[in-house]
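Letters A, B, C and D mark the chains in the order given here, with residues in each chain numbered from 1 onward.
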Amino acid sequence: MNKIVTNLEEAVAGIEDGATIAIGGFFAAGVPRTLLKAIIEKGVTDLTLACGSGPMLGAVNELEEMVKNRQIKKVIDSYGLFRSATKGSKHAFEQQIRAGEIELEIYPMGTLAEKYRAGGAGIPAFFTPTGSGSIIENTTLTNIDSNRKKKETREIDGQTCVLEYALKPDFAFIHAHTSDYEGNLRYRKTARSFNPVMAMAARITIVEAENIVPAGELDPDAIHTPGIFVQRVIKVPRTSFNITNL
Amino acid sequence: MKKFEGLPREIIALRVSREIKDNSYVNLGIGIPTLVSNWLEGRDIILQSEIGMLKTGPIAEGEFIDQDLINASCQAVTEVPGSVYFDICESFGMIRGGHVDITVMGAFQVNAAGDFASWYNPSRGLEGVGNVGGSMDLAVGAKILLIAMEHVTNDGKPKIVRELTYPATAKKKVSKIFTDLAVIDVVPEGLVLKEIYPGLTPEDIQSITEPVLIIAPDIKEIEI
Amino acid sequence: MKKFEGLPREIIALRVSREIKDNSYVNLGIGIPTLVSNWLEGRDIILQSEIGMLKTGPIAEGEFIDQDLINASCQAVTEVPGSVYFDICESFGMIRGGHVDITVMGAFQVNAAGDFASWYNPSRGLEGVGNVGGSMDLAVGAKILLIAMEHVTNDGKPKIVRELTYPATAKKKVSKIFTDLAVIDVVPEGLVLKEIYPGLTPEDIQSITEPVLIIAPDIKEIEI
Amino acid sequence: MNKIVTNLEEAVAGIEDGATIAIGGFFAAGVPRTLLKAIIEKGVTDLTLACGSGPMLGAVNELEEMVKNRQIKKVIDSYGLFRSATKGSKHAFEQQIRAGEIELEIYPMGTLAEKYRAGGAGIPAFFTPTGSGSIIENTTLTNIDSNRKKKETREIDGQTCVLEYALKPDFAFIHAHTSDYEGNLRYRKTARSFNPVMAMAARITIVEAENIVPAGELDPDAIHTPGIFVQRVIKVPRTSFNITNL
């Protein structure tokens, strides 16, 4: 079952305006930069970037390109803004957010991780204590007022819990260290983070891998993402980058 | 209000490190909490980083920087024998599931009920659409939550307040507060002043703290 | 009721194997479905086993038996290049999350709505406290659910019934039924008789099937 | 942080009458037989064995011993009875169940896996579509009538879902292939199954490992259970057994 594609156009085929794309990685680590470049090249718009913890702050050049091209309709994240308020307020990304031209929807990181997992694992909804006592228990946190929805809460074992729903992106962009031909993946160190759970959650999972090996080369007891979750794999070079962009 | 000189941030971190027993799994938040790690060398304490790592080693520099190895603050770190990597769901399973023994976080404000605010500064605007990150998960899952912060804001206003005016991270979760001027226990009866900066009086601390402090019978100088 | 001779179980399994396209991930249940694997050799099809394995190889024998390597029916199996192991949560994430392309299960009863019963035989008593195993997860998560079974019970009673009298595994999930005597599609309009055992007539099949069958315009002999 | 204990008494210390113990493994594979023997030796009673998929049918000698000693109050499982109804009806275990002397509580396997995960990951409750249209959507499935409770259901995205709650055992008995001194675990092949999720769910997780190595010996990218979930580890010999007892 060969999942290797040989050019970037093929890798991002079928992604249309309005698609929701999960973007793997955590700040600078494990971000699928080459696939982001491919989607910039492709020029599709009205995209929802479903992130986990600021991968676009890590891939800041790609973010700036997408903002300039006005490709982004919405970002879902737990840490979507530059850490420095001063840096943020000067940045075109945050300015589009402040102008309501990009929607930013925020969840606690663990809740967001769990929403992707629920989407991948066929769990339509779950109760979490995270955010109880905070604004999160009352409303969706978004800069587009009309999209703020009231949250359902319930007391379970003396703890107020928030009902959250599964999140199932159309596509996932995944950065892996190694893939075999059948899409079994290994990640490296903290570049793992959101990549496995997003690979599980998306309808079509597209992987950029630094290394590609034949099936049987990876230890079957040490595979992080089984190939059943992966639809396409493309080999990319290992490129170095600056890890501090926040 | 009077402005008092107190411990430098590194020494607040040292005091916090004394509070952490050996054989603990610990998560350190951004700010002063991060500095605690400098005082844990040689101790049998394992740091959890929410990006997906146990036994995070010291900050990496120069040729030891590895772009696939960062902590949750996006700093290059190192691996040590016994380090483990895992994905974000497992990481927040540990955090929310109550497997971390001690959680140390910074705060903008804390009140006498143990509520605290740490994630959003209203001056940024955007009606609370800010960087929550893992803060609410860490708070709700904490078995013991220590707050490490300056006692007052840059312009001298109390951070230990009657009512939070910043949006809460979580409620009734703080166990103990470590500042440059005092160590304060959060108990059902309120805030107990346990340790103070050498040369200051309980009245000095009370003068920059909104809730009425209970003075511990065994109150002493902050032990360094 | 008349008793008809039909395909042996191995050949029902062969017919099912023809229904499975290359490049599919497939889960095979206990009974006739397990036999389908005998017909998949050389095909580009990956078997998922709910114990926590992808690309399950053939049954192991003799010195090749490894006590740490069994399938979900507790049979010793083998590893092949590209096999992967994972834990039970990941396994049922695949199953319930709709990542398996084709699921083949046995059944006690199926009805025209695509409801089926497979997990509990009332003759065992215990008021339904029986071995559910992974059957309900497999059924609810199936994208395409194929049932492979004998057309009638040992004592000649229909298993394709108007109303289930055994407790359901899931409702409105069956796509297609493969028996020793017929291949039947389950569509919104009811049951469509597509293929019959050589020498039998649609009336023969109807005589041992409770719901009224729709006869496919292109009805043909079961293709082996 | 050394978690190695050197004798079985120490490994099962603190387990009292009435405890709930999660038992890892799936039929014959990955079952913590040595720890089961230790608990038989210890003689505690009124135990709830929280299983996943019939580990006690795999460890049938230990099951028979515990049944004979009347140590078991309740079994939670998805596949708790012998496959053969004839074999089952003759067996003391099933006879005690039929007599109401042992409670058997049954869940679909995936739901049970998810209940342990929820317990370990701090998710108090979740909605699952599994069991919709079956008896499971109406009631807890148990042979003790008075313990049958009505289930809550809800329609989500056109699918009927059942609300299930987290399961948090007091102890977990785990069989691992290798542990390091700090309790980081590797399992082997299909002996993994329920072991990682139960290790995560229990208050005190006790591991029998076939191999023990110093910290740093295991690939940090290939550890299945991080040591934070493990309280005690004991080295046990690799013993061979019959894999077909069902």
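Convention: a contact is a pair of C-beta atoms (placed from the backbone, for glycine too) under 8 Å apart; a residue touches a chain by one contact, two chains touch by 3 or more.
These numbers come from a predicted model, not from an experiment.
The interface with the greater number of C-beta contacts, when C-D is set against A-C, is C-D.
Per-chain CA centroids place chain A at a distance of 29 Å from chain B.
If you average the CA atoms of chain A and of chain D, the two centres end up 34 Å from each other. In chain C, 79, 85-86, 89, 92, 95-96, 140-141 are the positions where the chain touches two or more neighbouring chains simultaneously. In chain A, the residues that touch at least two other chains are 114, 117, 121-123, 128-129, 187-189, 192, 220-221. Looking at which chains touch one another, you get A-B, A-C, A-D, B-D, C-D. Partner chain C is touched in their complex by these residues of chain D: 26-30, 52-53, 58, 78-81, 83, 85, 88, 97-98, 104, 106-111, 113-114, 116-117, 128-136, 141-143, 177, 187-197, 224, 240-241, 243-246. In the complex of the two chains, the chain D residues touching chain B come out as 1, 117, 119-123, 180-182, 184, 200, 214-216, 220-221, 223, 226-229.
Against chain D, the residues of chain C that register as touching in their complex are 49-53, 65-72, 74-76, 79, 85-89, 91-92, 95-96, 115, 121, 123-137, 140-141, 167-172. Touching chain D in their complex are the following residues of chain B: 23, 25, 44, 46, 48, 54-55, 79-86, 89-90, 92-100, 140-141. For chain D in complex with chain A, the touching residues are 114, 118, 121-129, 156-157, 159, 161, 165, 186-189, 192, 219-222.
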